[in-house]
Amino acid sequence: MNITKKSNKVRSDLLTYAGVMLAFIVLTLLKNNGVLNRSMTGLLVPICCYIVMAVSLNLTVGILGDLSLGHAGFMSVGAFTGIITAMSLADAIPSVALRLALAMVVGAFFAAIMGFLIGIPVLRLKGDYLAIVTLAFGEIIKELITCLIVGSDSNGLHIIFNVTGSKSANDLNLAEGGRIIIKGAQGATGTQTIATFTAGFILIMITLVIVQNLIRSRHGRAIMAVRDNRIAAESVGIPVTRYRMMAFVTSAALAGAAGALFGLNYSNLAAAKFDFNTSILVLVFVVLGGLGNIWGSILATVVLYVLPEALRSFANYRMLIYAIVLILVMLATNNPILKSAVANFRQRFQKNKEEVTEQ
Amino acid sequence: MKFLAYLVSGISLGSIYAIIALGYTMVYGIAKMLNFAHGDVIMIGGYISFLAATNLGLPTLVSVLLAMVVCTVLGIVIEALAYKPLRSAPSLAVLITAIGVSYLLQNAALLIWGANPKSYTPVVEGTLHLFDGQLSVSYVSLLTVACCIVIMVGLTLFTNRTKMGKAMRACSEDKGAAQLMGINVNRTISLTFAIGSALAAIAGALLCSFSPTLMPTTGAMPGIKAFTAAVFGGIGSIPGAFLGGILLGVIEALAKGYISTQLSNSIVFAVLIIILLVRPAGLLGKNTQEKV
Amino acid sequence: MTANSLRSPFRDSLLAFSGGPEADAKNKPHLIPVTRTNYLPERDADKAPILECIDLGITFGGLKAVDNFNIALGRTEIAGLIGPNGAGKTTIFNLLTKVYQPTHGTILLDGKDIATMSTAQVNRAGIARTFQNIRLFHNQTVLENVMIGLHNEMDYSMAGAILRLPGYWRAEKIARERAMEYLSIFNLEGHADDLAGSLPYGAQRRLEIARALATNPSLLLLDEPAAGMNPSETAELMENIVKIRDTFQIAILLIEHDMSLVMNICEGIAVLNFGRIICKGSPDDIRSDPKVIEAYLGRKGAEKI
C-alpha cells in the first residue's frame, strides 16, 4: 500500500511533465503548419509566463499557505531587469537564445533579492495582514518602476530615478548610439521581442522540476508542516522562518524569470501592467486549479487565459461572462452537497479500480 | 499656510477613506472576509446619485438617499447570492468570489454606463475662504468631515447601545455561541452588509464630489486604500477605521505636497507596512495569540 | 523490521523493543535527594539531571501563571506533573519548549542554559513534546508526519533535493524506513499512507508521540497523553510509555489527569496549584500529602476525609 501511494504521487509528477511536453509538441506542430491563427500564436508565450506565475504562486499560497496579493510585483522586477539585461547586451551577445536565457536568470536573481527583502517584514505577519502587506509591496514596486528612466550606451547603463516627475529620457545624457530602454511611466519601449515559445516551454519544465522536486523533499515537507501547524512544526525542530523564506524567495525568483520572458515578448510594456489586477488574475488561476495542485494550476491558467480570448466575439460581454463564470465556479466547487457527491463518486471509482487490480 | 492647506485636504480625503473603511471593517469584523467588491459598490452609489440628479433632476439629498437605498439592496443581494452559500468555505474561496463580484459590478457598469468618465456635480458647491483668502476650504470638505464624524459616532452608539448592535458584536466574536444565545446570525450578517453598503453610497457621492470623474473603475483604488486604512487602524475596530482613514488621507496629502505625487501611494503603503511591523494588529486592533 | 538498514543511534535498543527483555517497571521507585529540594531515581543519581529548572516563572499581565518552579529530572526518569485545571501545567511545557519566554528563572537542559534558544532550537537540543489539543500535520500522511519529525536527521540540501542527487535518494530511503519503525512501535504502520487528519482520536495521540520520538529527543514531554482514551487504550499507552523509556533510555515528563496512569508509571511527581509546586515526591508521598488532597477537593472536602 505504501508503495502504490508513493508511486501515485510520482506518477502524477511524471504525468504533469508528459502533459506539458505533449502540449508543447502538438502546439508547435500546429503553429508550424499554420493551423493556429495569429492571435492564438500570440497567446503562446504569455500563457507560458502565466503558467510559471501560477505554479510559483501556488508554492506560496498552496504549499506554504500564505496569501500573497503582490505576486505581479516580482514579475515586474523580473520583466524590467530582464529587459535591461537583454537590451544593454544586444551588441555584446549576438546570440538571441543566450541573451534571453541570461535575461531570465538576471530577472530571477533580482526578483529573488526583492523577495528576500520583502520577506523579512512580510513573514513576520500572518493571515490577512500578510496579504495586505504583499498587496502594498506590489503597488510600491509598480510605482517605483514607474519612476525609472534607463538607457545604455558605450559607457554602460544610465539610470535616473525620477521622483518628482520632472525628468525625461533626455536627462540620461546618452552618448551617440546609445538607446533608451525604459521611459518612466511609459515603461519599456522599443524592446527587441526575443521571447519564444520554446523558451517558455523550457521555463515551465524547469519550474516544474524545481517546485515538484521541492515538494517531495524534506524541505517541501517542512514547508507544508509550517502551513498545517506552525507551532507543531517548530516543536519538531523546523526553523519556521527559514523555510517560509525559502518558499517565498523561490516563488519570487520563478516569477522573476517568467517576468523576464514576458517583458521580452512585447516591444512596449508599462509598469502599470503589473498591478494588483494581474496579481489577482494569477491568484484566481491558483485557487481554481486547486491549492497545492500543480497540474491544476497549469490547466486553470490555460483555460482561464484562453477563455476571454475565446469570448472575444461577445465583445463587451466577455468580462461580464468571465466574472459570472468565476462566481459560479466558486459557488459550485464549494457547495457542500456537490462536494460530498464528488467525494462519493471518487471513492466508488477507486474501489472499482482496486477490485480490478486485485483480480 | 501651505501645510495647513495640505492638512485640510488630507483630513477631508481621509474622511472619505474613513467612511469606506467603516463599511469594510464592519463586514470584516462579522463575516471575516475581505470584501473586495466594496469599492465597486461605492462606484455604483456614485452612478445612481449622479443619474438621479442629472437625468431625473432629483434634488441632491434625495438622489443620495436613493443611491443609499439601491446600494443597500445591492449589498444584501450580493451577500445572499454570493457570500451566504460560502459561509463554511475556506476564506480564500470567499475572497475569489468577492473578486468575481467586483469584476461583475465593474463590467456591468461598463456595459450600462459606458467607459467615458462622467463629470459629477458636487453635492454642495462653493468654498470657504479663511485667513484673507490664504486658506480655502471647500464646503464639500466640511460636509465630508461632518458626515464622517456623525457616521462614526452613530455606528459606535449603534453597536454599543442597541440590541442589533450587540448582536453584531456577539456574532463577530463567536458565531456559534451567538446562535446558541438565540441571535439570528444570517440576519445580522445581512444587516451588516446593508449598513456597509449604505455607507458606501454616501462615500460614493462624497468621493465623486471631491474628484468629479466617475468611471466604472472609480471605486477600485479608493476601495483598496480604504481597506488599507481599516488595517491601519486595526481591522474590526470602528474607531480604528476612523483613525486609520484620517491618518491615511493626511499622509497621502502631505506626501503629495512635499515629496512626490508619483510616489504618494507608495509612501502611504510604506507607512502601513511600518505600522503593521510595530503593531501587527493595527493601531487600535487587539492582538490575539494562538493558545498552545 | 529491517534492522540492518538502520543508522539510528538506538539501533540495538529498537531491536530490544521488538522482543528484548522488558525492564521491570513495577519496581517501586526509590528517590534520593540530589540538591536541597530535588530528587532523582537512584539509578540516575550518579549522572547530572537531564533537566533542571531553577526558580522558573512567568507573569501574564500581573498574574503569576508559574512561579518559583524548581525541578530536576533524571536521565531515565518518568515524572508526572499534576494539578487542578488552570494550575499552570501546560504553561510549564510551553516554557520548557520556549513557546513562552520565561519572565525569570533558568532552564538547564543537560546542563546547558536554553534561555536564548528558539522552540526549534530547543527541540534540536533534545526536548520533544506533544500537545494537549492534538497538533498534527493534518493534510499530510501519517508516514510524512513522522518523516517531518526526522527532518533534522536528514542532511541533503535544497539543491540536492531539486536535482535529486544520490544523497537525496539515500536519505529519503533511510528516513522512510526509520519512520515506519517508529510507526510500528505504536501499531500505526498499517495507516502509514492515510491522512493524519483521518485517524481516530487515540491513533492521532499515538502518532503525535511517534513524531516527537522521531526527533531523537533526550527528554519527551507528553501533555495529557491519555485524554479521551478508554481504559484499555490507556493501559496500552502506559505500557508503551514505559517501553519507550526503557528502549530509548530517555526521560519523560508527562501531564495527566488519569491518576491510575500517573501513580503507576511515574517515579517522581510534582503537584502544581496556582502556578506553584505544592508538593513533590514519589507517588506514595503524593498520595498521603494533605496539601494535595486540599488542592483537589478544597479545604472542606479535605476536612471530611
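Note that the chains take the letters A, B and C in the order they are written out, and that residue 1 is the start of every chain.
Just so we're on the same page, a residue touches a chain if its C-beta (ideal position, glycine included) is under 8 Å from a C-beta of that chain, and two chains touch if they have at least 3 such contacts.
The structure displayed is predicted, hence computed values, not measured ones.
**Q** Between A-C and B-C, which chain pair is linked by the larger number of C-beta contacts?
**A** Here the pair linked by more C-beta pairs in contact is A-C.
**Q** From the centre of subunit B, which chain's CA centre is farthest?
**A** Between subunit B and every other chain, the largest centroid distance is to C.
**Q** Any idea how many Å lie between the Cα centroids of subunit A and subunit B?
**A** Computed value for the inter-centroid distance: 32 Å.
**Q** Once you find the CA centre of subunit A and the CA centre of subunit C, what distance in Å lies between them?
**A** Subunit A and subunit C have C-alpha centres separated by 44 Å.
**Q** How far is the middle of subunit B from the middle of subunit C, if each middle is the mean of its Cα atoms, in Å?
**A** 51
**Q** Give the residues of subunit A that touch two or more other chains, as numbers and ranges in rising order.
**A** 231
**Q** Could you check subunit C for residues that touch two or more other chains and list them?
**A** 99, 131
**Q** Could you pull out the residues of subunit B that touch at least 2 other chains?
**A** In subunit B, the residues touching two or more other chains are 292.
**Q** Would you tell me which residues of subunit B are touching subunit C in their complex?
**A** Listed in rising order, the residues are 292.
**Q** Taking the touch rule as given, give the residues of subunit C at its contact with subunit A in the complex, in rising order.
**A** Its residues touching subunit A are 97, 99, 118-121, 123-124, 128-129, 131, 135-141, 143-144, 147-152, 154, 156, 158, 161-164, 168, 171-172, 175, 180, 192-193, 211-212, 214-215.
**Q** Once bound in the complex, which stretches of subunit C touch subunit B?
**A** 90, 94, 99, 131
**Q** With touch defined as at the start, can you tell me which subunit A residues reach subunit C in the complex?
**A** Residue positions touching the partner: 1-2, 5-6, 209-210, 213-214, 216-222, 224-225, 227-229, 231-240, 246.
**Q** In their complex, what parts of subunit B are in touch with subunit A?
**A** 28, 34, 82, 85-86, 88-90, 92-93, 95-97, 99-101, 103-104, 106-108, 110-111, 224, 227-228, 231, 235, 259-263, 265-266, 269-270, 272-273, 276-277, 280-281, 290, 292
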